[in-house]
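Quick notes on the structure that follows.
Chain lettering (A, B, C and D) follows the sequence in which the chains are written, and residue indices restart at 1 in each chain.
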């Protein structure tokens, strides 16, 4: 028995660089050699899908991009899947950004989906309005008068010259809002200053870290469903039936989680052995 | 003193009450000012604040170089990086006017600014964050201990979320979880009874009950639901978790409300450094 | 492959691996990457804020092309500015679809006062601008948080909990049991943060239950935090795998070999020195 | 007064008023009144009871243990500037800890990451040592600046921990991702760890890796309690009262909802709680 205990104690005190190497391996190996585990959608992801699916064709949807490259692996697949879903159903997509880097992310996703896959027309099917600094004040400005805040779009074209902007003056003219958010300003500000005061339905895709901050909104119906982190993005990819980068990351994600759980268990075993021994002496 | 102290307090009180009570006023001129112009001013000042922050940071780095403080060589790199970004932002566009005019160059493809974003800014900010994956792993190994009941609750709910939310959680059979629970309870029984026989009988009975149940029902992966990780995960996530998160949310909401009111009334003045 | 993309891939993999080398220990590669990041992001944010807000929405309102008239004072000033920087102030006014609003001089002045605060003796000047931002944020937040985070949540909790058209117990769909969980959990959680009475008796029990709910919620946050970190790492590795392809001349591999080589050599040198412990190394680590 | 004026305005036909938001206006006015009332009461010298917080007792134990072991105490006031409420709270608690270290003659080590925080923390330590009558024990270097950068700061603090092996580590302030790195290292050197923060995403890491954690509002209440400033204590009391009111509204609306939907008696309260 003591031998086994000693082994556990020894494992418990290894240099943490070994742990770093193990983590690097369990992430890289499944990326190179995929297993292809089946993905099942959670209820909150399904409600997002159902809400978008229920919009009548040709609805005006505001898509807000609020993340930077640092959380790209989590948010970008959501934004891409959402665009695919919207364009496939022929909705009009208006893209705004509350984060400075958001407009690069938006540009990237639009180039890939709107231009590359669906061949949509800029100014008629979609428009990138761009970034404005100010956080909640920008949201308030969009609710009050979007044309004043975004007098020009990201390409410096005047909004008066953009055909699809004709029927838009403020937030109430939109039928749905989807925010791909990584923090402040983001989903919370949209709920507080746009969705709650106007009653326009909204939904959101957030980073894993943020999920718990928005869950009460989802449960109380202030938001329709939520996509939670990279697994949420993978679920959405499987719901719209088009796989992407989130799905291919899921194997690595699964294995890494298992390994971390294993670490917690092993760590606690050596902790208990340690405690038992120190009590004896 | 008047300019440095009273005026800012007055500005906060004035602007604060205008925006707060503006929510209730339905008069076109007032509404337009609060909804559009006041927010625009806010946005303009927010941009100035960003610029101020950036300049402040660079000022500190330059000071470090000038006074040759320890590690000043690295500050030279920071300053060079800043200069590079400014050049890309204001002086060298990298494309013709026909491709992108000044102003549109910060988003258009092919510009120097976009190159900097794609290959310098973007990889670094992403990598900085992903370092944390490694620290989470080593901390989960060395620091996350079941010290008391609260910590146990936290770790168990964390583990269920972690495994139940990813695809692999759906592959783990609920019967496997039941066996684990029986074994876990066995360890618990052993620690109170301190009798190997009792433990053995307990575990044996538990294992056989689960096995019989499994044989009768034909080992379905997701039945019974209360032992299937994705279902437990979904429940924790949508009910007890929301209850806890909501308590925190209300607390934070009240805290922010109270602080905002104190700002507007001039009770709280920490923003002017008091 | 274009040269700029190729160069970019090399730069990106150097910086990525440079930052990862921190996992081995704090070293010059990490510091170079980190300081470069600090400098570049400062300049990057500054440029973006300027081109997306100040130039179009502030200067665009002060000097709109719509009302361009070189004889007025405003546009005389404009032409002087334009002489210095024709990229920011193009000839003939700024055409961003605005009318002229000279009232926007107020935020301009407040903003300039903010920048003046970089000079220590004028540091108080920033307070005016900050006061505006603080005041407006306070007015917006007091309403937004009270409405969405307090009243909205009361509404979310106050449902017909004994709605017997729902099942009594069901795990993942609405049920009476789950309604009760939310109701009890929220109230007990709030009671835990009640400070002006000792937590004994009934209040003590309620706050104990409250802390259990908070812990479950923190556990979920913890699970999600781990999930997020791992996702980001997956994203990084996917990029590195892309850059290790032949299109990019195997950038990742070469950079990896370089950095591992240099660090390995340094470690080897350190080992030889270890016999003579010096106080120097101690001082160095403290600055880090 | 306000109500009276509003009543007249209402009777005059309330022009330019968003009638849908009247519930909100009344909540804002009544809640503000509660806050002001308790703040004033505290300033007038009324005493309010605040429950003891276990983690603060643990601070005393930790200081005692450090004295026995002859090792220093490490205090980390977060990585943000003084404009964050949490940093302010952290510096307030630091003053309290400094009083104890002065009493027990234990050495205190406070690495900081912002120059303004350094000034504030030095002041609060100097005060504490003077109050305890031990100005001789105070030296400025006990509060020292490391660096502004997040990870570099974390690395610096780690270095201190590994070299000096403090008997107790306290983390009180605004933390981001570095919380985990600090708590892990502190754990590996076997120090007693006490944390306090309101950053929701970091609390789990502190709860699992530290011996005691001040969670969110508890942390603010602790600093109000320690600073003994009447406006802060009054604020805590006022918010407590509002919390009670929120709970009461929650219970009453639930009862109304049950009655309304099961028996059709009463009215649908949720309509009043929906404010557009």
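The rule we apply is simple: a contact is a pair of C-beta atoms (placed from the backbone, for glycine too) under 8 Å apart; a residue touches a chain by one contact, two chains touch by 3 or more.
None of these values were measured; they are calculated from a predicted model.
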Hey, which chain is the most central one here, using CA centres?
B
For the chain pair with the highest number of C-beta contact pairs, give its two chain identifiers.
B-C
Farthest chain from chain A, comparing Cα centres?
D
Cα centroid separation between chain C and chain D, in whole Å?
22
How big is the gap, in whole Å, between where the Cα atoms of chain A centre and where those of chain B centre?
12
Centre-of-Cα separation between chain C and chain B, whole angstrom:
9
Measuring centre to centre with CA averages, how many angstrom lie between chain A and chain C?
15
Indicate the residues of chain A shared as contacts by at least two other chains.
20, 23-24, 27, 43, 70-73, 103, 130, 132-134, 137, 140, 149, 156, 196-197, 209, 212-213, 216, 219, 228, 231, 253, 256-257, 260
Specify, in ascending order, the residues of chain D that touch 2 or more different other chains.
24, 28, 31, 151, 200-201, 204-205, 207-208, 216-217, 243, 246, 275
Residues touching two or more other chains, restricted to chain B: which are they?
20, 23, 39-40, 42-43, 46-47, 50, 57, 103, 117-118, 121-123, 125-126, 128-129, 131-134, 136, 138, 140, 142-145, 150-151, 154-155, 158-159, 162, 165-166, 234, 237-238, 241-242, 245-246, 248-252, 254, 257, 259, 261, 271
Hey, which residues of chain C end up touching chain A in the complex?
23-24, 44-45, 48-49, 52-53, 56-57, 60, 95-98, 136-137, 140-141, 144-145, 147-149, 152-153, 155-157, 172, 182, 217, 220-221, 224-228, 230-238, 241
Listed in rising order, chain C residues that touch chain B in their complex are 4, 7-9, 11-13, 15-16, 19-20, 22-23, 31-58, 87-88, 90, 101, 103-104, 106-108, 110-112, 114-115, 117-118, 124, 126-143, 145-146, 148-150, 153, 156-157, 171-172, 178, 181-186, 188-190, 192-193, 210-220, 222-227, 229-230, 232-233, 235-236, 239, 287
Chain C partner contacts - residues on chain A that touch it in the complex:
17, 20, 23-24, 27-28, 31-32, 43, 70-74, 100, 103, 130-134, 136-137, 140, 149, 151-152, 156, 158-160, 188-189, 191-193, 196-197, 207-209, 211-212, 216-217, 219-222, 228-231, 245, 248-249, 252-253, 256-257, 260
State the interface residues of chain D toward chain A in the complex, per the touch definition above.
200-201, 275-276
Can you list the chain A residues touching chain B in their complex?
12, 16, 19-20, 22-24, 27, 37-40, 42-44, 68-73, 101, 103-104, 107, 111, 130, 132-135, 137-138, 140-141, 143-145, 148-149, 154-156, 212-213, 215-216, 219, 228, 231, 234, 250-251, 253-261, 263-264, 266-268, 271
